[in-house]
Structures are given as C-alpha cells and as structure tokens.
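Got some structures for you, see below.
The same subunit A turns up in both complexes below, where it pairs with subunit B and then with subunit C.
Take a look at the complex of A and B:
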C-alpha cells in the first residue's frame, strides 16, 4: 500500500511492519509496555505532513499530534 | 439525509478480525483505495489505542478527464478515526469524507465486538449517514449512494475475510519453514554426534 506522499512509502512500510507486529503480539494481548515503533513513526510522520501540505489536502480539525504529545506514556 | 445500518457476523475471533481490520488495505475488493497513512496514533490514559488515518482513493477516471483537470485532482480523501480497547474487546471506527464536503457528506461508523452468544465469532454493526447538499435531487442521489454503500459494505466484509486468509497463510508458511530448518539442524546435530 502506498503513502499519500510517494517519497514516504518506504518509511510507511517499515513503520507498518513494526506496528502490525506489536499490535497483534503485544497490544491485543494486554501487554502495553510502550510503543517500540516511536522512532519509525516520527520519521514517517515528518514525511507525510510535508506531503499533505504540498498536496493541499484539506485536513482540518485533525491535530498533528506527534507521538510524544498527549499520549499516556507507559514505561517503555 | 439517510441512515443505513447493518449487522454481520464473522466466523473468526475478535482479535483476528481486529488485526485484519488494521491491515485492511490493499485488498482486491477495494481497488480504489490507493493510499493509507497514519496521521496520529496514541494510547489514551485508559489504555485504548487511537489511530487517525487518511485514505486516498482514486476512482479510475478516464485518462482524458485526468489530463484536463490534472491527475492530482482526481483523488478523493477520507479521514478515519479508530479506537481499539483490548480489555473490553471493542474496535470502533468512524470515517468521513474530507473531499467534496460542500456537495456530500458520508459518515460511517463500524463497531467490532465478540459475538455475545458465540465468543469465538465477531459481530460487526455498521451505520452510514449520508447527506447531499441541495434539495431537489438529494433524496434520489442519497438513494443511489445508499445502494453503493450497501454493496461496498459487502465488499468490505469480503475484504476482511481475504486479509484474514492471507495472514493465516503467512503464519502457516512461516511455521512450515521454521519446522524445516529445525529438522535440518537436528539432523546435522545427530550427524555430528555420531
């Protein structure tokens, strides 16, 4: 699956792989010891935000919360 | 304004369906979804996972239309907010269009839960609220859209079944190759011992 920004597709794939594994193997089993994919997400996010601005996609009312903002920081 | 609702039972446990729902795209039943991006993801103080996603869709306009209006403008966008509660075993998904909001708004809500009587199955309840701006043709257009939403909902369920089979096949392949390499190393160990 591609990203909205063509340049972000590889970063997206790396992040998705990490997330899907954590989601099925940890999160759904109640093991919420923290998100191991934070770094990958940050890099992917920077790319996506840039692409959205460039393409003028009308995202309103969606706050771009980085992974460190407003999150329940469990020990990781 | 029209409200369309439906209920469906998947013959799979809630964890399987939820995992598949998070990886729903790409799939052959929804070829128009060409991009999915996570805009935000976080766990709230009660342990629920929130995800905000952007879906890019391309409706296969004839190339002459694309060359006239520009390829970028043939894409439409949908934003999606999902909440997964691993303790209560619920996944709620809300989506709405962010393109053409001056013409139409389509809001969908899906809830996946374990089936109350058969816990190894999952029940999906979904609803869509459609409103078309402008008065005279709106109920006809809304009727048209309702049929599309209903047939898309079927496609959506088929899509999840497809993703679930794919994930199961990947697990089997991985297990088979792990068994294969275990046998090889056991045989090698036995040979060395001799």
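Take a look at the complex of A and C:
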C-alpha cells in the first residue's frame, strides 16, 4: 500500500516492517523493552506530514477518538 | 460476528497493511500518529485515502465533490492486557455532503477464548437534511405569522358586523397583529437557524 506522499512509500515500508515485528513479537506478548522503531518512525513522519500539508489534508485539531465520545451505546 | 481465529492473530492481521484485491478502492494508507500509553495501550491514527465513487445522479447534484478522493481517519486502541481493540473511523472531507462513522470493538468471545468477536456500529448523517428542515421551519413560521395577522383582521371585521364596538381601532389591531407576527417569526427564525447549525448531528441513521 502506498503512502499519500509518493516519496514516502519506501520510508513507510521500512517503518511498517520494523513495527509489525515489534508488535507481534514484543508488544502483544506484554514485553515492553522500548520501541526499536523510533528513528524509522521519525524519518517517515517528517516525509508524510510534509506531504499532508502540501495536499491540504485537514487532519489538524481532531481529538483522538473525539467525535465518537458523544455516541450513545446501543445494546443489541 | 464470530471469527474462528486466535485473538492474537486477528489483532496482528488487522494492523497489517492492505494489498488485498477486494480493496482496490483504497489508494493510500499512512500512520500519522502512534504512541504507547503508560498503561501499555497502543494508540494509532491512520490516514486512508479512498476513491470517491458516486452514483451518476449524485455527480450531477454535487459536481464539486466528484474530483476529490475521500480522506478517512481511523483511530485505534489496542489493549493487549484486556485483549481488546477499539477502532473509530470517519471521513474528514466531503463532510458537508455526508459523514459516515464506524466504531468496532474487538474482544475475546466469552464462550470460546480462541474466538474473536466484533461489535460494529455505524452512523450515516448528512447536513443536507438540516437544510430541508430549516426550509420547513421557515415556511411554517411564516405561515403562522400570516395566520395571526389574518385572524386578528377577521376578528375585527366580525366585531364590527355584529355591531360591537371593536375594542381597538383597525390601525391598532393591525399594529398589534404585526408585532405578534414579528415575535413569532423571530422565534421561528432562531429555531430554524439553530436546527440548520445542529444539522450535521441532528439526523442520523443508526446501523
């Protein structure tokens, strides 16, 4: 899957590989020795956040899970 | 929905990227935020772009929307200790036309711990519904104010016909009727404005 920033796809792939390994082998097993992917993530984010700004994609100021907080739970 | 798959495996595969043929409408996928909280939960925000496939009648009504892909955010919380994952997904453009929100909660099936179950909820809303509500409210308010005026006038005429001295002159009656009509119209305009501005959250279909 490509990145929204065409130039970022390779950086994204490198980060994804690192993350997927850490996620399956460490995080899910409760081992939290620290995140070995920090550098890769930083490089990838520099690239992709720039692309997002250039394309005017409105991701700023949106609270995490924010709009969902007002949702009433419906029991089935 | 019950999936006969180990909970751990399904968590992994949900987060794996997407070259998956039925999903040709998904154009790009990026992580734009990620953190592990103090209580060991993984928070992620994913930005997706998808093709904007509209029916032809909609393309004619909303030509400005046709050229733009849809941007979607997916916020997720993975809690490996409680073995749950929650995702919340919604579109951040084309929002004046339609907003679709989806929340999924994945957890271990209480009857069979090697099964994953998911509760999926969706909300579809459109602020265009608010425009038609506002038009209705305005029409009704104007009708009510006109009825007030005509009723007062009618009462005046009736009183004169029945030989009663009307309690007020025609001019005073008309003035009073206009004042009342103005109040009614103002109240109704406020209501209509309020409805129109709440429109995006007002009418939703729950699925």
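Heads up, the rule we're going with is that the second predicted complex is superposed on the first by the 61 of 76 C-alpha atoms of A that agree within 3 Å, B and C clash if a C-alpha of one lies under 4 Å from a C-alpha of the other, contacts with A are read in each partner's own complex, and residues count from 1 in each chain.
Here is the rule we use: a contact is a pair of C-beta atoms (placed from the backbone, for glycine too) under 8 Å apart; a residue touches a chain by one contact, two chains touch by 3 or more.
These figures come from a predicted structure and were not determined experimentally.
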item: Touched partner set for A:20, first subunit B, second subunit C, both or neither; value: both
item: First (subunit B), second (subunit C), both or neither touched by A:1; value: both
item: Subunit A residues contacted in one complex by subunit B, in the other by subunit C; value: 1-5, 8, 12, 15-16, 19-20, 23-24, 27-30, 32, 35, 41, 44-45, 48, 52, 57-59, 62, 64-65, 67, 70-71, 74
item: Subunit A-touching residues of subunit B, taken from the complex the two chains share; value: 15, 18-19, 22-23, 25-26, 34-45, 47, 49, 52, 54, 56, 72, 77, 79, 84, 86-87, 98-99, 101
item: Residues of subunit A that touch subunit B when the two form their complex; value: 1-5, 8, 12, 15-16, 19-20, 23-24, 27-30, 32, 35, 41, 44-45, 48, 52, 55, 57-60, 62-65, 67, 69-72, 74
item: Touch list for subunit C against partner subunit A, complex; value: 8, 11-12, 15-19, 26-34, 36, 40, 42-43, 45, 47, 49, 71, 73, 75, 77-78, 80-81, 86, 88, 90, 92-93, 101, 103, 119, 121, 123, 201, 206
item: Residues of subunit A that touch subunit C when the two form their complex; value: 1-5, 8, 12, 15-16, 19-20, 23-24, 27-30, 32, 35, 41, 44-45, 48-49, 52, 57-59, 62, 64-65, 67-68, 70-71, 74, 76
